[in-house]
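The two complexes that follow have subunit A in common; it is paired with subunit B in the first and with subunit C in the second.
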Partner chain A sequence: MFRFILRRIAIAIPTMLILIIISFVLIKSAPGGPFTSERPLPEQVLANIEAKYGLDKPYHQQLIDYIVGIVTRGDFGPSFRYKDRTVNDVIAQGFPVTLTYGFWSFIVAVSVGVSLGIIAAIFHNSWIDYFAVGISIGAQVLPNFVMAPILVIIFTLWLNWLPGGGWHGGQWQYIIMPVIALSTSYMASIARIMRSSMLEVLNSNFIRTAKAKGLSWRRIIFKHALKPALLPVITYLGPAFVGMITGSVVIDMYFSTGGIGREFVNSALNRDYSVIMGITILFGFLTISFNLLVDILYAWIDPKIRY
Partner chain B sequence: MVKMVIGAKKIAEMAENIASKEMGKSHSLWADAFRRFFKNKASVTSLIVLILIVIFAFGAPYISKWNNEEIDWAILGSINELGRPSLANGHYFGTDDLGRDLFVRVAQGTQISLLVGFVGALIAVIVGTLYGAIAGYFGGKIDSFMMRLVDILMSIPYMFVLILLLVVFGRSIFMLFVGLGLISWLDMSRIVRGQTMVLKNKEFIEAAIAGGANHFTIIARHIIPNLLGVVIVYASLLVPGMILAESFISFLGLGVQEPNTSWGALISDGAKTVLHGRLWQLLIPLAFFVAGLFSFFFIGDGLRDALDPKDR
Partner chain C sequence: MSLLEFKNLSVNFTTFSGTVKAVDNVSFNIEKGETVAIVGESGSGKSQTMLAALGLLAENGKAEGSVKFAGRELINLEISELNKIRGNKISMVFQDPMTSLNPFIRISEQMIEVLTLHKGMSNAEAKKEAIRMLDAVHLPDAKQVINRFPHELSGGMRQRVMIAIALSCKPEILIADEPTTALDVTVQAQMLDLFKGLTKDFGTSLILITHDLGVVAGIADRMLVMYAGRIVEQGNVEQIFYTPRHPYSFGLLHSTPHVDNPKLRLDPIRGLPPSLENLPSGCAFHPRCDFKLERCLKEAPKLVHTADGRANACFYKGELKREGREK
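What follows is the complex of A and B.
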């Protein structure tokens, strides 16, 4: 197990490096430097600014400095558009918000999805099963950017129950719609995966044996069937996590929650390269670490996996 | 003489009958798939819906008296009342916030979304099939290197890299195609690789090697044609995936730019005006988006049932 974890980390590190290098190369190949503007700066001024940010060094040196800065000091460098703040400031400001509703979305998607899948499998071919299948098909075409405006129409415009946006320090009424919008399609996918794997497990021989022994339903489901049936769901957690991180950009844009996503889109529109790059790398790091965790969890649960 | 002519005719007819039956048999795999697909009610309905959407996308600009850039100044001040969908003033789907006719805008957006879907999927199919076939066919070190690269690329949050790509090289439809295509071939290459590894140990490949065919002939003439079923099934699911990705990016305002539009861009515009009560600006593009994606998913399902030998 320990060797497996080490080997998995040995893959994660080059992945991270490749992400940094890809973003770095992309940005360096952009036409014009970060300080090119409509009114060209005097050459001496430009040279001074570039020297200040270390942009006069050769590219490979800049790349090494950038990576060393991130690894040793957790420093993503300055914003090229706003002199008074760094990329770290941007992240520190928005990240707690993104983390809050992202965490709840993940919890909701997994817990509701898994429960719905189990219930649908137990009551196979009943109305509750059809209901679960129905929403899991429907939710394929209801991604976050479709859910968000629909929720606003229902809960803000018609029912007037919830505010249509804002954050206000994360009061519950401001969190509900972002969480539903972000989690629905993943909840549905998890329910679908859980249902089909649970059905398969419930039809297998060891469950028949358990039934023959006269075990109670609760014991069969939770003690015997749940663990093997969860495996396909665990493999899906990685993609679901990536999807939610990506979706958080839409949530921040639409609900004005003040998370990191809006900064990302605004810097994309302003070509504030260092902010885009910092956020991309931060999200890449989260994704890669999460995938690492999922793989370890999987290896731990599945006895068949070879280390 | 006459008798002989009749005889010859009859013989020819019989020969043709035999030949056509023979032809039928030799094509039975595809004919079977075709029959199976058209037995599936959901897929056939979806196919009809999709055809209607395509007809709308290309036909609507000819029906409407408005074009996609014209602003209807008469209603501009009071879109909430006069901009509603109505038959009287020719705005069948109402107008957008700038007084442009939504009927034509939706048609234009549909064209672009479909185009993005198909072109993105096509790029992914070409790159993914070649990559996967080469990795699977050669195996060994080449394979493990190529597939490790795919693993690594897969664990990168691609949407951010795509947005980075669009920011760096300018936000144009062309860049969107390239970006989506570059990113979406990964799954395809995995599927194709797996299938190729099964195929390459079959007798007909051995025969081709014994016949002196070189590697690229074998891949191009013997492996890829046999992958077609799997590739078609997966490609049919790639199209809605591409449309979703494009809509996501356009929703953020980073994708298709004015005066062009797409389903995502229209939904984005509509979503902004929801609280002003102009619901049609959101719901009409949304209806097309949902109907289009549903059709693609069900057609993909039908194709999989029809073509995938595993599920039978």
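What follows is the complex of A and C.
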């Protein structure tokens, strides 16, 4: 197990390098730059600024400097757009916000999705099942950029229950709508995966054995069926969590939560090279870590899996 | 009163292509302590008859008629009441030991849960008893094996564990659904010895579902022959083996290899078992029967009991005979 984790970390390093190189090439090949504007800067000024940020060096030198900075100093460089702010500052400010509502969305999506899926499977082919499946399909086809304005119309404009946006240090009333908007479609996917895998497990031979033993349905579901039925859901959880963090772009736009999603979009529009790179690397790091976490979780649940 | 009484039991499955009658109006009794074999091809309804008794039919299956255990009706019995009987008074061992144990749970827990549930034992007591049961089914190193996961055991070991679980509450009836089909021949023989010994020690009635006549000859007192959801012949094993009265039993016996005369050709029953969705008219066996009469095409024979304790469902009363052909 320990060796497996070490090996995975060793693989993660070249993966991150490739990610950095590809995003670097893509960004540089996009037209424009951080200092392009409608009114072109005088040539000398531009040259000075570029020299200050090291943009006058050849591309490969820039890339090497950048990677060396990250590895030796944990420094993702200065932002090209915000004066006096480094990329580390931008991430330190936005990421905790994103992580907060991302975490709650994850909890909601998993707990509601898993329960809904189990209930649907237990009452297979009854109205409860059809109802649960109906909700899941509805929730899945509703993208969060449609969900968000609908929520604002209902809870802010009509009912006047919740504030329409803002963060205010993450007080609960500011978290609710972002969490609902972000978690709904993931919740629906989890519910559907859970339902179908639970149905499959409930039809398996070892569940028939459990029934023949005279066990109660509660014990059959929670002791015998839940673990195997959870495996496909767990596979989905890694990508789902990362999806929620990256999906925060839409949430930040609608609810002005000030998370990292908004910085990501702005940096792309502004060609703020270092911020784009910084957030891309962060997302890449999250993806790799969560996939590793899922694999470890897998081995913990399924005794047949040993690394 | 018999220990287990099947009366006019039918099992229907609702499928996309209509209703399928897997078991058709079956009646028979199981007495205390006896070993009864139910013989038939795949799809003859032998497993479904037993699953119906324990309320283990698939979701789309429905049982009608009556199955009484010690005078108590089992069909449509409330699930909480049924749970006091299954695994406790009547237990079942399934065909495929590789998939019948839960791969996610240790053997110990899968054994202990039955004892704590039905016998009210503490975990420690139950574990001791479980190890004792594993010894009883001749599983070597029971103390170590009990802490393993199913995938760490061989097929024969798993089937022993299944049998140990099934017998741990000293049931009055053990139903074994093709318990040796998935195992090597040498292991099969060990399993049969095990069944013979254990049912005798515990006074358990054994219902053995099989299509292996060698198994039947080795272990059973009585046998039922099923075809297309019906019982076509029943009686003592010796009676049926020496003088089968139904052409299907006759055909089955003649399609087994003879060790004493290896020059004889194997004589299979020609044709295929009928589709339950589209049964032949009259006697379901008539398209494959060498002795069929005009009457068999229109009318299905009823199971007729005779004074010698046997029963068979056939209109043909003459002698069943076929020339043994040499290779």
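Everything below uses one rule, namely that the second predicted complex is superposed on the first by the 272 of 307 C-alpha atoms of A that agree within 3 Å, B and C clash if a C-alpha of one lies under 4 Å from a C-alpha of the other, contacts with A are read in each partner's own complex, and residues count from 1 in each chain.
Throughout what follows, a contact is a pair of C-beta atoms (placed from the backbone, for glycine too) under 8 Å apart; a residue touches a chain by one contact, two chains touch by 3 or more.
No experiment lies behind these values; they were computed from the predicted model shown.
Participant: A:Lys227 in the overlay: touching subunit B, subunit C, both, or neither? Say first, second, both or neither.
Facilitator: A:Lys227: touches subunit C, not subunit B.
Participant: Taking the superposition on A as described, I'd like to know which of subunit B and subunit C A:His168 touches: first, second, both or neither.
Facilitator: In the superposition, A:His168 touches no partner, neither subunit B nor subunit C.
Participant: With the two complexes superposed on chain A, say which partner A:Ser29 touches: subunit B (first), subunit C (second), both, or neither.
Facilitator: first
Participant: State whether A:Thr156 touches subunit B only (first), subunit C only (second), both chains, or neither.
Facilitator: In the superposition, A:Thr156 contacts subunit B only.
Participant: By the touch definition at the top of the document, which applies to A:Leu269: first (subunit B), second (subunit C), both, or neither?
Facilitator: A:Leu269: touches subunit B, not subunit C.
Participant: Touching A:Thr209 in the superposition: subunit B (first), subunit C (second), both, neither?
Facilitator: Only subunit C is touched by A:Thr209; subunit B is not.
Participant: Could you let me know whether more residues of subunit A are touched by subunit B or by subunit C?
Facilitator: B
Participant: Where does A:Val242 make contact in the superposed view: on subunit B (first), on subunit C (second), on both, or on neither?
Facilitator: first
Participant: Tell me the contact category for A:Thr287 with respect to subunit B and subunit C: first, second, both or neither.
Facilitator: first
Participant: Across the two complexes, what residues of subunit A are contacted by subunit B and by subunit C?
Facilitator: On subunit A, the subunit B and subunit C contacts do not overlap at all.
Participant: Would you pull the subunit B residues touching subunit A in the complex into a rising list?
Facilitator: 148, 151-153, 155-157, 159-161, 163-169, 244, 247-248, 251-254, 264, 267-268, 270-271, 274-275, 277, 279, 282, 286, 289-290, 293-294, 297
Participant: Using the touch definition up top, name the residues of subunit A that touch subunit C in the complex.
Facilitator: Listed in rising order, the residues are 124-125, 203-206, 208-217, 219, 223-224, 227-228, 301-304.
Participant: Using the touch rule from the top, collect the residues of subunit C that touch subunit A in their complex.
Facilitator: Going by the criterion above, the answer is residues 54-56, 58-59, 79-80, 82-88, 91-92, 94, 96, 99-105, 113-114, 117-118, 149, 151, 162, 165.
Participant: Spell out the residues on subunit A that touch subunit B in their complex, using ranges where they run on.
Facilitator: Residues of subunit A touching subunit B: 11, 14-15, 18-19, 22-23, 26-27, 29-30, 137, 140-143, 145-146, 148-150, 152-153, 156-157, 164, 238, 242, 245-246, 249-250, 253-254, 264-265, 268-269, 271, 273, 276-277, 279-280, 283-284, 287-288, 291.
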